[in-house]
Amino acid sequence: MSQVSVSERAAAAGEVPVTRAPYFVRRKKGITPRSIAVLVFLTICALFFCVPLYVVVVTSFKTMDQIREGAIFTLPHIWTLEAWDHAWNHACSGIKCDGLKVGFWNSVSILFPSLILSISLAMVTGFALALWNVRWAGGFLFLLFICAFVPFQIIMYPLIVMTTTTKIYGTLWAVAVIHAVLAMPVLTLIFRNYYKDIPTEIMSAAMMDSGSFWRIFFEIIVPMSGNILIVVLILQITNIWNDYLIGVTFGGLTGQPMTVNLANLITISTGTTNYAHNMAAALLTAIPPLVVYFLVGKLFVQGVTAGAIKG
Amino acid sequence: MPAVSFEHIVKRYGTVTVLDDLNLAIEDGDFLVLLGPSGCGKTTLLNLLAGLLEVSDGRIMIGERDVTELDPKDRGLAMVFQSYALYPTKTVRGNLKFGLAASKLPAEEVERRIAWVAKMLQIEPLLDRKPAQLSGGQRQRVAIGRAIIKKVDVFLFDEPLSNLDAKLRTEMRLEIKKLHDELKSTVVYVTHDQIEAMTMATKIAVMDGGVIQQFGTPDEVYEQPANLFVAGFIGAPAMNMRSATLAVKGSKVAAVFQSGARLDVSDYPFQAPAKDGLPVVIGMRPEHFTLGEAASDGTAQFSPPVLSAERTGSDATLYLTFEDEMLALRVAPDLAAGLRVGSTVPVQFQAGKANLFDAQTGRRI
Amino acid sequence: TDLIIYHNWSSGPEVAALNVLKDGLEAKGHTWTDIAIPHNTGSNVNLMNLVTGGTPPNVFLESSPGVYRDLAGLGLARPLTEFFTEQGILEQYPSSVVSSITVDGEIMKIPTAIHIDGMAYYNMEVAEAAGVDPAAWDSLDAMFADFQKIRDAGYIPLAIGGQQWQVGYLVHALAAATGGPEFYNAVYGGEPDPSVLDSAEMRTLLETLRRFQQEADEGSANREWNVTTNMVITGQALMQIHGDWMKGEWSAAGKTAGTDFGCIQIPGAKAVPVTVDSWGILGGQSEEVDAAELDFAAVVADPQVQADFASAKGSTPTRLDAPSEVLDACSVEVLRILEDADHQVPNPHSTVDADWQNSIWDVVFNFWSDPSMSVDDAIAQIQENYETILG
Amino acid sequence: MRWSRIAPQLALTPALAITAVAFVGSIGWTIYLSFTRSRRLPEYGIDWSEWGRQYDRLFRDAGWEISLRNLIVLGLGSALAIVFGFILAAMIDKEKRGESFFRTVFLYPLAVSLIVTGAAWRWILNPTLGAQSFLRSLGWEVDFNWLAQGDTAMYAIILASVWQSAGFYMALMLAGLKGINTEIWSAAKLDGVPLWRVYIEIIIPMMKFTFITCAILLSLGVIKAYDVVVAMTNGGPGQSTWVPAYFTINALSAKSNLGYASAAAVMMLVITLVVFIPLVALTVWQQRKREATR
Amino acid sequence: MPAVSFEHIVKRYGTVTVLDDLNLAIEDGDFLVLLGPSGCGKTTLLNLLAGLLEVSDGRIMIGERDVTELDPKDRGLAMVFQSYALYPTKTVRGNLKFGLAASKLPAEEVERRIAWVAKMLQIEPLLDRKPAQLSGGQRQRVAIGRAIIKKVDVFLFDEPLSNLDAKLRTEMRLEIKKLHDELKSTVVYVTHDQIEAMTMATKIAVMDGGVIQQFGTPDEVYEQPANLFVAGFIGAPAMNMRSATLAVKGSKVAAVFQSGARLDVSDYPFQAPAKDGLPVVIGMRPEHFTLGEAASDGTAQFSPPVLSAERTGSDATLYLTFEDEMLALRVAPDLAAGLRVGSTVPVQFQAGKANLFDAQTGRRI
């Protein structure tokens, strides 16, 4: 290809006008074979990651008749929203057939208090541990570290008894509070690690300017926690929303989150299983965290990259 | 404008003692520069004064007040930090305002002060920007503003210019000096940059290893370094040091180098009578040499070979080999240009400008 | 009065049956508040949490005697001996029902429905097509002998699901069928007898179980019970051997007992285990609540309700005097079987220690899932479990 | 007096109280219970002649042994998630094209509860409905019936957990990779070192810290693994996919044996400590070293 | 020791053109310093040469070879990075060895070279340490070692000293120069530090905004800056710039400042005949002033008021107010000491040393 033709073509195509022909003819380097191999591999992996979601989505739009044919990867012959409607409005849990929407609102009302509780508690604690001089901070930190690793099972029964004696067992509050308690050590460590990286000079300046714990916290530290808040928010939202064990253990009468409803629905051991209903229900349960991910997932990676999570 | 004094200060981190029985007192309106190499304890000392660290022992007085046990905000001082330490999420105005957080002033007074500071530091157009939108020099100004807005009498600066480029550093240096003149406040200023120390201080405390090596005016420190450390630390290119022995003959005192070369140091203001045979170290500043032959009195004469020459723009440094070691000379650039490596040049030293140190103790004699 | 009803029923027929009770209760001027707990989530722990948490339900679907003992320990038990004797209902219950609602000599539960845990339900169309008559089998051997013929005809002879509880139920049904009441009670009674754990009966039981496992089709692993049942209903398989609650599925699919499907007890069974779905009620309540709770008991025990409930759920009424016009062919068969008091044993859930019962499930499910596990291994494990749990 | 000393301590009291009561106290309580014969409700008497009976039983329980073995298998298998995560991160990092797309795709499983996707996975692994029949219909004779056999069911669980967590490790690895000075890459390029050698000899050792972090998080996840087992196999076939967390909940609910469940929980704690104390020590040591060289 | 030439280099990042038609050729054994402010494209140019970036257009020659399309490892050059880019997980020996990874040398040869490099750079005792266990200067040495071990003819340095402290910087500067003398290789060296540039280079290319502003020897660049940018960029304190207009009267040329003051610039080596009335900018280096009155020819005389004086040890900078702006002068410290702020001093300027620039184009005239 001659120099002239390059510029002619560019001009003809109405691209940014090339004022001058290239000085040297250069072999146009396309995409290298290695890039292609990598992209192919990544695409295959992406497909693998998408398979379950694909199956769930596709199935939720199918009719039972088609599902019985067995081919799980085919697209629906007839797209129907019946399953979604059923799952949301009519699915039964016991003799109440109000659908998942009940559990959905339960989940929402669990989510917000426990988010607020767990994050505010962890922020304050992390702040105090990271940036203030507390003699026993080291010991406490170590204790928190151990607690972060404690399997839930070992404290489950005592927690049940504690919530029952405080009369919150079986309410949304119990679930919310237990979430907050269980998340406290890990979140505190995350916040503490993050705050540790705030330049000590800023803290020194604030100490000289104000010296008030809460003023510094609210005016200086909280506004600086953007990155980490996003990361923690995403982690906590997905954790709390997807939790099953705590919901089923502490939710009791009225405090059952959506996942428990879902489990009721899909693990019933009698009756014909309506897979479309199940999958629609599963999707409905998964939508909120998925939305959060797709909206702010980028920030999540950014936050992690900014050092939000480390040993 | 109170005096500040440190009395028997001890500071330990765990088992490491960083400062041990340090005493230092400065007067009203002094501009004290704490100068020393990295890790010598400058920041530690400053933070003790600010109350950001607690002393392990000792007492800190500001004016008549014992502030050792007070919270930082109650000590009546303001501080400017190396990395500015501006609150990144607040605007310039917010930063200034927060500087007054502890003082509970009425809103108008706060506004008045902001206006005053902004005017004085010429940052009025920046008041609504965030620190990230400022240049280095502007940030530095805001940081200073946040300190002076408190109208306290003691200002602390911890290497406030080290993040700036050379040009800005020169400008800000002048400005801080001007401010000090205007506000007539007491300043404690930490740096490891000797140019800063020399140009700004009214008093310099040279520190090393947690110990104050010399405390005096800039000229004293430059011209009469109290010991080898100070002598070597201050001046660029560094002072040339050579071992020698004193040879006293009546009122004549000469320093005999290892090679046998002699330098007449009779004019040197010995603090105690010179002892014959005392091993000494002679310090010679690069700018006290002159090239060329001249038989005038009181100047020593050598002809060492040229090692290399460095032209640095406005002047040049010539490196010669003398007594097997490198000798640095400040010369005019045009003089340096003519010299070839390996050739020898005649060099004179103004013996009156020599510095003599006891080789054992390192102290000035 | 508002009653909180705790249960773990959620399938269509179960819910329909609950609605029968609900209607009855509401007819007496009470309201029904529902708490449904999913299966497989350790529902009785949850119940005790509610109780200790101070928000106990008034009525709970619970068979395990341990729960009633714990409630008694908490002073929340509500014995019903007096209530039942006054009303003269006890005589109307088959013997296995009475024994299963009795805890430590007191009647603690209100029985609602009877199931036989081991029945074979077969698809009559398939039987015809394959040319076999299940009703004619008089022993398991006779049954197995026909399997090849069924396969040749293109059907799966026996639909079996692969979940722990399905295998567990099959085991105790077979224990009753092959071992007889004495052996059964020695294993699943209130006081298990270690000497039978390594007996000929036990060996027969395990060998039979192995035989069943070998007859299972490829997809049986992990297969849910309802899917398994549907294999029979849709004619892929000839029959399923399990609790007779599968009748609910048949009815839901619009099939009729006796014409579309047939039911027999396990061929050659020496006894049948009987599940008595029963409710407990909470004691220590105010008089008003107590009265409402007793109203609930009365509703459940009502013969007409019994009949309606049974037809909805696919169970058999607990009362022998329930109106028989609503009974289908299978219920009639069940009642026929239950006429013989010596031919029935209670479901382990209502008599035996949960830990022990669960440990048997663990072993037999392992035995089922691992074809290389020998009968001796299984027996050794059961004995060991006995030592650690009850020894 | 110095208010700055008191304020933070006040702010720490809620956290301290929670730690003391909900964690330390509860652990103590559970340990105590593990010595009793508590069944459905706690009994506080300890029979000192056989205080260790729950542990005795535990160590003889075949189910517990299986659980422990599975824990190791799951740990090793899930480690694939780290490897996989690293490979993905390395590829995404090198090949900038489509970075945000791939990142999102690999990360989304984290957002979805396994209770939800377990259903899909079970279905995909179902021999008659799922991938096996699909692939066979394409003419490939594959055996993909992992859930049916005890010896392969763990693979299915590993598959699901790798699927779920690989994206998370990828994100961490990506952060680690971005932290590597670009000049190192340039230097290696100039030195003409083959890419694989750069990764193995330079990059991976440099990311030690990230790997340790991942290892800690991973082992934490493995020890706590419960949802994935419930969703995929519910412990079956047989007890072949039991893990300690499942064992504990099972002992509490199905067996209604609080004392036994407590003993199992205590053993879980012991395992956690045994796994973590070295890992944590390693991290702390690394961190010290790193700070020392700064 | 081949020549290196850039021909019509264009570099775009996306749509941003960083270098546009850049041409530069240096000869065998040259020590070229690329000097310029941050972001001017120095690193980009270096990376293009190293092959770490691809040119958008143009050709790069090393000796006779067109290397534009070659892989970095095949270009026969070695590079030292600003952050050293040592492989932190390998020992010093491993780092050196890795530098030879592509060359597939026999093991003994590798050992021989390591020994040679270690000896030359005096890092023998460090061979088994990890980079983290080395001091800054030692790391720098290893980084250089990793480059020279390849025995290539072209070395690239990207701000290799900017992470070191002043003292070390001086030492390393000398060492790199010595190395260059010994190895006789061609060096391309990037820095934004003019002292480095002035002292090390045989040729300096001053860059700004992706364009080479001046290419010449250090002396040329310092003494005859080609334009205002170069004039302002090089020298500390910076050259004093003042606007003026030329007044030509026969052979006499004078620059008339805005205040009316005149400077006789007849001696100035005009490149083209001076035009009357041409607006110019006059650049005066601080060191070309002298204090005191002297009616000698060719020197201009002013008496501006003193703004401030800064003693920096070996010399002092005097700031005066002249033409409403600050004028910096280099004076001897003892002279500066006597001056009071606000008083006026007589000042002379050696007109022959003035620099004249066209005020419009910024070019030297």
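Observations, loosely collected:
The chains carry the letters A, B, C, D and E, assigned in the order they are written, with residues numbered from 1 in each.
Rule of thumb we're sticking to: a contact is a pair of C-beta atoms (placed from the backbone, for glycine too) under 8 Å apart; a residue touches a chain by one contact, two chains touch by 3 or more.
Just so you know, these numbers come straight off a predicted model, no measurement behind them.
Counting C-beta pairs in contact across C-D and across A-D shows that the higher total falls to A-D. Taking the mean of C-alpha positions as each chain's centre, the chain lying farthest from the centre of chain B is C. Centroid distances from chain E, each centroid being the mean of CA atoms, peak for C. Centre-to-centre spacing of chain C and chain E amounts to 92 Å, using the average Cα coordinate of each chain.
Note on chain placement: the centre of chain B and the centre of chain D lie 56 Å apart, centres being C-alpha means. Centre-to-centre separation of chain A and chain E, using mean CA positions: 52 Å. For chain A, the set of residues touching two or more other chains reads 161, 207, 211-212, 263.
Looking at chain E, no residue sits in touch with two or more other chains. In chain C, the residues that touch at least two other chains are 40-41, 52, 163. Chain B contributes residues 69-72 to its touches with chain D in the complex. Contacts from chain C toward chain A in the complex involve residues 4, 7, 9-15, 18-19, 22, 32, 34-36, 38-41, 46, 49-50, 52-55, 163, 165, 224-227, 230, 245, 248-249, 252-253. Interface residues of chain E, counted against chain D in their complex, comprise 47, 50-52, 71-74, 77-79, 81-85, 87-90, 98-103, 132-133, 146. Here chain A touches chain C in the complex through residues 92-97, 160-161, 163-164, 167, 169-170, 248-249, 252-253, 260, 263-264, 267-273, going by the rule given at the top. The part of chain C that touches chain D in the complex is made up of residues 40-45, 48, 52, 64, 66-67, 70, 73-74, 162-164, 218-222, 354-355, 358-359, 361-362, 365-370, 381, 384, 388-389.
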